[in-house]
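In the two complexes that follow, chain A is the common piece, with chain B as its partner first and chain C second.
Showing the complex of A and B:
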């Protein structure tokens, strides 16, 4: 509860200032105006639409990028020689910021979902690959020996031994990738793509409606915080101590 | 005697083994580039969208010879560096203030935890509202976005100081400042350095986003213009350059980190 003291006080002070000084501004809005604006965009359904657009792109991008990253992570984690051979290429491509891919995707796909999903997939691929590879290669070697003794096929080994053993750290990678997917989605929409929460944020600012802008901003913050909190809770429920292992850099 | 000699021999062959693997992995990297060149030659993908490495490379060289790319690269790097340094200094300073006071941590902690997952680029419209489409707006956004890892790492480092060390400080009657500089900061250094690396990555991303949005020159604007006029070779040259900036800055920071943290056996 102590944590709420500062934000609530700030909100009350802001509201007081706005009422006392009667400021009208193109860039500021009082808390009551923001709440009214928030109710407005919920009521007319636009908040639902823009949230849906952003989340759809984020989820699909996460699925594609995370899926590919997971496959590569398993391959590189299990097959040591392959990991060593790919080391240079991975380290060479990895530092490319996802946002630098934006103009390429813009050129190929134009505006819309495909461009955004492609960029999100690229961004989510790397954390899943790097952390996932460490997770898979860090499995207790005895378990691999067991799978060989049991005569499992490669696919059998992956599904029955590798994935369950690496799951806690894979979930950490997934959590990170999920956060990245949301951030990249909003960023792409702010920079370029005319859809979703990021775009509506910019539109509200440029049409001089700061109350709507702040309302959407708070909503984005809430989504980000809620997603993180939920995934952290899920991780603790599902994996407890195992998920708390240190994430490799 | 013989055992020690054999151990020496084993470590030499291990080194050459590792060197061979490094050479092999570079060869694989070159093979991938070769594959890219082949796809470009055979025009499996339209050359408008996918220039071959040869065209990208010559665009890169031309850009530097004519000075256009040099100027833009410097602009981006400068922006990223200023924003990151500002964020680091502020982050550690504010983090030290908050971290050294348990009361502050209790009252401010949840608020910070709420702001942390907020995409830094979401603050761009707010920054534009207050500062307009200016250079300082971009710098402000970069600093705001990059400050969080350093801030939180400093607070965490301060909060996790070994209680025995706090008792030692009390026994030695250290002042608050002495405690911060002699005990708390060194304890947090590994976390802060790791956070600074992350902050640098964020700073680069936000520089590019800021340049794309606010027409501030630099590589961000360059690659956007190139994509708009379908000049794919220049576009790819710019993207590669951004990757190189990211790689070199990370390596530089990593080298600095291992030098400064040599006293840590990690």
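Showing the complex of A and C:
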């Protein structure tokens, strides 16, 4: 409860200032105006449309980028020569800011979901690959030997040994990638793509409706917070036991 | 000729070619010569124990048979064919049982892994898993996770999983090194009983000289730098062995003395070499 003291006080001060001094501004809005605007975009359904667009792009991008990253992580984590072969390329491409490939993707896909999803997938690929590869190559070597001696196939080794052993850390990778996916989705929409929360944020700003802008901004923050809380909850639910059982090193 | 006359005791099964043979095997790891020119035959149903100071390559020997390592020179032959990859009927029991078991699977789940690897039909698994757990005395603990089992029980579980492979050869890498004395003796007898009843050949690495004599038909003594076989001791002790009478047998005591002297000598030699290098 103590944590709420500061934000609540700030909101009250902002409201008080707006009322006392009668500030009218193109870039600021009073808390009450923001709440009214929020009620407005909820009532006309536009908030849900834009949220749906952003989340859809984020989730699909995460699935594609994270999925590819996971496959690569397993291959590079298990096959040392391949890891050495790919090391330079990974380190060369990884530092590229995801948003910097927007012009290329725009050329290939034009506006819309496909362009946005491609960029999100690119951004989500790297954290899953890097953390996933570390997780896979960090598996207790004894377990890999057990799988060899028992004569498991490569696929069997992956599904029965590698994935379960690395699962808690792979989930952490996906949690990070999920946060990245939302950031990149909103960024792409703000920068270029005419859809979703980011675009509406810019549209509100350029049409001089700061109260709508702030309402969307708060909503984006809430989504980010909610997403992380959900994934943390899921992690504890799914791996509370397995996480503790993770092979001691 | 002699094979026909001798009784069918496993220790005397001299028939045919060796089951496992090292032929001039050398191996370097990380630029260091670990094994040099190893020649060694293991007969069918034989129980071989390997002893030697740490760093003499006894575990490496075992991993070569398992197909986890490959020789630089020479070859390891199993059943007439060179070993190139792990064979399904060679089982390996690791010393660090807690690392070799899947912590996210129950006891029966861990045994099941071996059957899954062999693609045994699902319907046949539960009965055979139960039988194996019964065999190693873990019937009551089928649904427990490894972390909930004691060290001795975890090692029994690993043995059960290896038996699920229906191995002709059991490779054991200091399997009881981390267990207390009582548990160790019980497990020694169980391994002897299992090997005897299933006709399994056993390649047993240990640094416990008494354990080696107690279990083995032959004891291979190795020396380090580079690892080589220096001495082979035949163990003519009667079977079945008994923790009390076998260990009091004059032959047991004689062998113990002989092995002890041998190891001590090679350690003194070793220290001398290291000091001359320093």
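Here is the rule we use: the second predicted complex is superposed on the first by the 239 of 249 C-alpha atoms of A that agree within 3 Å, B and C clash if a C-alpha of one lies under 4 Å from a C-alpha of the other, contacts with A are read in each partner's own complex, and residues count from 1 in each chain.
Here, contacts are C-beta pairs under 8 Å (C-beta built on N, C-alpha and C of every residue); 3 or more make two chains touch, one makes a residue touch a chain.
Small disclaimer: the values here were computed from a predicted structure and weren't measured.
Colleague: Answer with first, second, both or neither: which of chain B and chain C does A:95 touch in the superposed model?
Modeller: Touch status of A:95: first partner only.
Colleague: Is the number of chain A residues in contact higher for chain B or for chain C?
Modeller: B
Colleague: So, does A:143 touch the first partner chain B, the second partner chain C, both, or neither?
Modeller: In the superposition, A:143 touches chain C alone.
Colleague: Give one of first, second, both or neither to describe whether A:107 is in contact with chain B, with chain C, with both, or with none.
Modeller: It touches chain B, and chain C stays clear.
Colleague: Who does A:152 touch here: chain B (first), chain C (second), both, or neither?
Modeller: Only chain C; A:152 stays clear of chain B.
Colleague: Contact-wise, after the overlay, does A:84 reach chain B, chain C, both or neither (first, second, both, neither)?
Modeller: After superposing on A, A:84 lies in contact with chain B but is clear of chain C.
Colleague: Both chain B and chain C contact which residues of chain A?
Modeller: Comparing the two interfaces on chain A, one with chain B and one with chain C, no residues are shared.
Colleague: Under the touch definition given earlier, write down the residues of chain A that touch chain C in their complex.
Modeller: Counting only chain A, the residues touching chain C are 140, 142-143, 145-152, 156, 160-161, 164-165, 242, 245-247.
Colleague: State the interface residues of chain B toward chain A in the complex, per the touch definition above.
Modeller: Counting only chain B, the residues touching chain A are 21-22, 24-26, 28-29, 32, 48-49, 106-111, 113-115, 117-126, 128-130, 194, 197, 201, 204-205, 208-209, 212-213, 223-224, 226-227, 230, 232, 235-236, 238-240, 242-244, 246-247, 250.
Colleague: Along chain C, where are the residues that touch chain A in the complex?
Modeller: Listed in rising order, the residues are 66-68, 86-88, 90-92, 94, 96, 99-100, 102-104, 113-114, 116-118, 145, 147, 161, 165.
Colleague: Could you list, by residue number, the parts of chain A that touch chain B in their complex?
Modeller: These residues of chain A touch chain B: 2-7, 26-27, 84-89, 91-93, 95-104, 106-108, 179, 182-183, 186-187, 190-192, 198, 201-202, 204-206, 210, 213-214, 217, 220-221, 224-225, 227-228, 249.
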